[in-house]
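In the two assemblies presented below, chain A is common to both, partnered first by chain B and then by chain C.
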Partner chain A sequence: MIAGVGLSLYLPLAAHWAADAFDEALGARAATTPMIVGARGSRFDLVLHGLYFRARSEGTVAYGESTALREAGHGRVIPLHVQFTAGGQPVVGTSLDYFDFRKLQLARGESMALLGDCVLGANAAQQLKLGPNDKLKTDRKNLFDLAGDYPLQLNVSGVLAATGTADDEGVFVDVKTAWIIAGHGHGHNEQESNATNAPSAKLVKTHLEITPENMDTFHFHGDTTALPLTAILVEPMGAKETAMVMGRYQNNGTLQALKPPVVVDEMMGMVMRVRQFLDANYALVASTMGLLLALIVALSRRLRAQEMETLFLLGCSRGTQFALQAAELLMIFTTAGILALVAAWATVGWARDYLSTLAG
Partner chain B sequence: MKHFIFLLFIVLLSCKPAVTEPTPQAGKPRVAVVNYPLAFFVERIGGDLVEMHFPDIEGDPAFWKPTAAEVRGFQSADLILLNGASYAKWTAWASLPDSRTVNTSAAFRDAFITVNADAAHQHGKGSEHSHAGTAFTTWLDFKQAQHQAAAVHRALASLLPAHAETLANNFAALQRDLASLDADLRGIAADLGEIPLLGSHPVYQYVARGYGLNIRSVHWEPDAMPDAAGWAELAALRKTHPAKVMLWEAEPNKAIVAKLKARGIRGVVFTPCANGTASTDWLVMMRENAAALRAVPGLE
Partner chain C sequence: MRIAIDHLEFEYGLGRFRLEIPDLQIEGGARVAFVGPSGSGKTTLLRLLAGIVTPQSGTVTVGEVPVNELTDAGRRAFRIRHIGFVFQDFRLVEHLDVRENILLPYRLNEALPVYDSIESQVKQQAARLDLADKLDSPVDELSQGEQQRVAICRALLPRPELLLADEPTGNLDPKNKTRILDQLFQQAESAEATLVMVTHDHALLDRFDRVIDFTKFHKPEATHQ
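Then we have the complex of A and B:
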């Protein structure tokens, strides 16, 4: 009986608290990200991509757009290129400004300095069992595409302190390194440049590596302002600048500017509607449980009728008997309530980290 | 009793932990630059208000290859000033904070000169490099230098808003000097007219375009005797460009001077002054450049 009552209390409690924790985590991350610019398409996808590095395949925005925004002087502008993974963790191509923007601190090692350097989020470092001066290869998107992107060996320069956000999962590289992973830039090795009949480095090597010796051979063909970003984070200096950035993209056919707090509120509105449906469901379950309890109490009273009559004959009044039965029920409800509270609290506490990265 | 309370009060006061005074923001803003002309502009505009970071670089800063630690020296600066026009190739391989980085030639990026692909070459013991891509000695056109100085001023003004007036006065003085240099060189160039000149190195594109000088360049170094192919290239060039003066980035060695003299060519030092020393003053060096051009045969 305690288990039955406890479970019927636990479910709505845990669901409510979990939804609140999710709302809080998503809202907090969105609140610190005033604006995201990216290709037109699903608004939710773009915001979740910018906040949680969730994969997105709805077009790109040219790097020149990021430069133009910065030169317009509206505020801090941070490029994002998130398209690849390394050891299953998202490779986040960005600039050093991202670390200031998110107030990320290094726990070990140093910041990225040169092409091929990477800084690991706390969980990424733990999962990959890597630290400063270790190497990490990016994952191939398609194993059967011989002409496609080659894994790039990254040099781990540092590990970030844990933040309890999606940043803990990231492998942060300079956006130029991300472009090299994507094949927009490349270097030449000694063998390639000296021997005309030498086999292609791509056929010989299983991955690319940027070293101090070959670093200066890495270059990008064409106009770097046309190279792709998957999103741009913007931190306008004030309301006026926010309006100017929004206005800049209002009638843009290919790009959109979004305010993550607004989009996340909208998204949470949908979650709340689902919660209302669940609440109705819980109310029905609770009613059923109540009827069942009433039935159990009625049957129990009938079964114990002779026992109650004996008690009455021994001098126990009807009122005392009622009080005894009420106390029994109270004990059951109290125990079930406490168990449900503890279980719900433990569940949400255990799932909080997971919830903070759930959107990714 | 009153005495006891008073004593207790004194004891409690003496037990109060010392208040840690907020330490004033120690040090001046750190400004990192990629070449000496920018260092000079910062020195003239910012003066003692800023701390300069221009590392000791052996050779041309355009082709410097910093280590990760040296890059971090730039990353930690409050302001990083780039020359732009693909100068300081290392900035393409390094991670620099965009919000603190200013490209001083952005205002005239549409006027950059594209250089055709050429053979890579070496400066002394330095690493091999190529000038293909974008011509980068932007400051040798003093009108462009004025734009770059203006960019430096804007960046410093936003870094030090409390010193806006001092910075503006210093900037105005620098602009006057640059304008005077520009006028001088314009006058000399007008006198030179179409007189053909040779450049020992492909670094005179902007001075040639800016002042209408008739310069064509070879790929020589002041401290390395050109090989037979180099001399043959010069001979071929002179058939269509009969120059009698060659501009050098630095004083060429005596053997080269002698061989040039034998061919009727006089060397004139016109240094871009991309890398400064303790005794260098960029403005003085530029005035010496102008004076050297004024002494070109035909103008004397």
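Then we have the complex of A and C:
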């Protein structure tokens, strides 16, 4: 009976609290991200990509766009390039402005200063068991594409303090390092070949780690303003600048500007609708459970009729008899309630961690 | 505690059972045996004395209290405070152990007087009835005779002024029968309580002050009609 009552209380409690935690986590992150620019496509995808570094397959935006936005003087402009992972954690190519924008503090080590440096989020450092001066190799996206990207060994320069947000999961690098991981730039030495039958007299050795010795050999081919970003975070200086940025992309066929708080509100509206549907179901479950409980209590009373009669024969007052039965029910409901609360609290505690990062 | 019954009429089962007692007086502290054939109303009179049932007419006075004129709550309170009842079917609570069954009147009414330490009282009473090593046993693991002794122990513990016993020796061997009867008599005497006992065992009757034959009180259906 305790399990039955506990479950019927736990399900709606956990669902409500989890939805509230989701709403709170998503809302708080969105509220601190006034605007995001990216390729047209799913608005939800772009916002979740910008806020939670979730992988996005739809298009890119040229780096030149962020330069143009910055030069237009609308506000703070932060590039984002999130396509790769290292040890399963998202590699976030960005600028140092991102740390200031998100108010991220270093817990250990130093910020990324050189090409190839990375700063780990608190959870990422814990999961990868890495700290300052350690090495971290990026994951290959496609093992069979020999012409594709190669893993790059990153130098861990620092670890961020925990924030309870998606930033705890990130491996932060300079956007140029992200481009090198993506294969848009590389470093190599040219060596004389000693093979007599070589068609060329020179061999090219690509560096898989950026060191002070080989750093000068790294370069990008072509126009860097055309190199891709997956999103641009914009913090306009005011309402006017916000309107100007929105206007800039209003009729743009390939790019869109979104206000994450608005998109998240829309998303939560959908979540609320699902919650209402679930609430209706829980009401049905609770009604069924109520009927079952009534049946169980009635059967229990019948089973214990002789015991109750014994109490009467001994001279037990009606009040004491009622109090005994009420106390039993109270104990069942209290125990079930406590169990449901503890289970819901534990579930939401776990869900809060999961929902606060949403990394994937 | 004296008992006075005046023009008592009680019937149930649409008149199939009828008990009529024009007058019956039992002195306080007396040891009385009720005898008679099955269905003659012996147990019914015990229940009337305890206020478990009430007569259609007449008066049942126990001590100075007209029990049948009390409210339901009043009869319950009177019963638990003044009467010890050994039921024929023991009426033990199966999921409780021996100790808790013996203590049940105290659990149900904290106002019952406590003599010495209640725990030592329980131990002493249990020892007298050879239950000392059974106090922590569940009652459903006991033999019929042991269960009967637990029921007697429960009735005796609060030192009632009126002790009603419905065939308390029915399931006992001769040795235990004598011992139980000794206990009941001893307890009744020490508490100056009145003992009323239903029995079919005529060998025990010479130990009682008075024997009341119920054949004369019972009105069978045919007579009633």
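Quick notes
Convention: the second predicted complex is superposed on the first by the 316 of 360 C-alpha atoms of A that agree within 3 Å, B and C clash if a C-alpha of one lies under 4 Å from a C-alpha of the other, contacts with A are read in each partner's own complex, and residues count from 1 in each chain.
Basically, a residue touches a chain if its C-beta (ideal position, glycine included) is under 8 Å from a C-beta of that chain, and two chains touch if they have at least 3 such contacts.
Owing to the predicted nature of the structure, the values given are computational and were not obtained by experimental measurement.
Applying the stated contact rule after C-alpha superposition, one finds that A:Asp23 touches neither chain B nor chain C.
Of the two partner chains, neither chain B nor chain C is touched by A:Asp167. By the touch criterion stated above, A:Glu65 is placed in contact with neither chain B nor chain C.
Number of chain A residues touched is higher for B, counting chain B against chain C. In the superposed model, A:Phe312 makes contact with chain C only, not with chain B.
Once the two complexes are overlaid on the shared chain, A:Glu241 sits clear of chain B and of chain C alike.
When the two complexes are overlaid on their common chain A, residue A:Thr320 makes contact with chain C while staying clear of chain B. Chain contact summary for the complex, chain A toward chain C: residues 307, 309-318, 320. Across the complex, chain B is touched by residues 70-71, 76-79, 95-97, 100, 110-115, 117, 157, 174, 176, 212, 215-216, 218-219 of chain A.
On chain B, the positions that touch chain A within their shared complex are 65, 67-69, 71-72, 75, 89-90, 92-99, 106, 127. Residues 50, 52, 72-73, 76-81, 83, 85, 87, 91-94, 104-105, 108-109 of chain C touch chain A in their complex.
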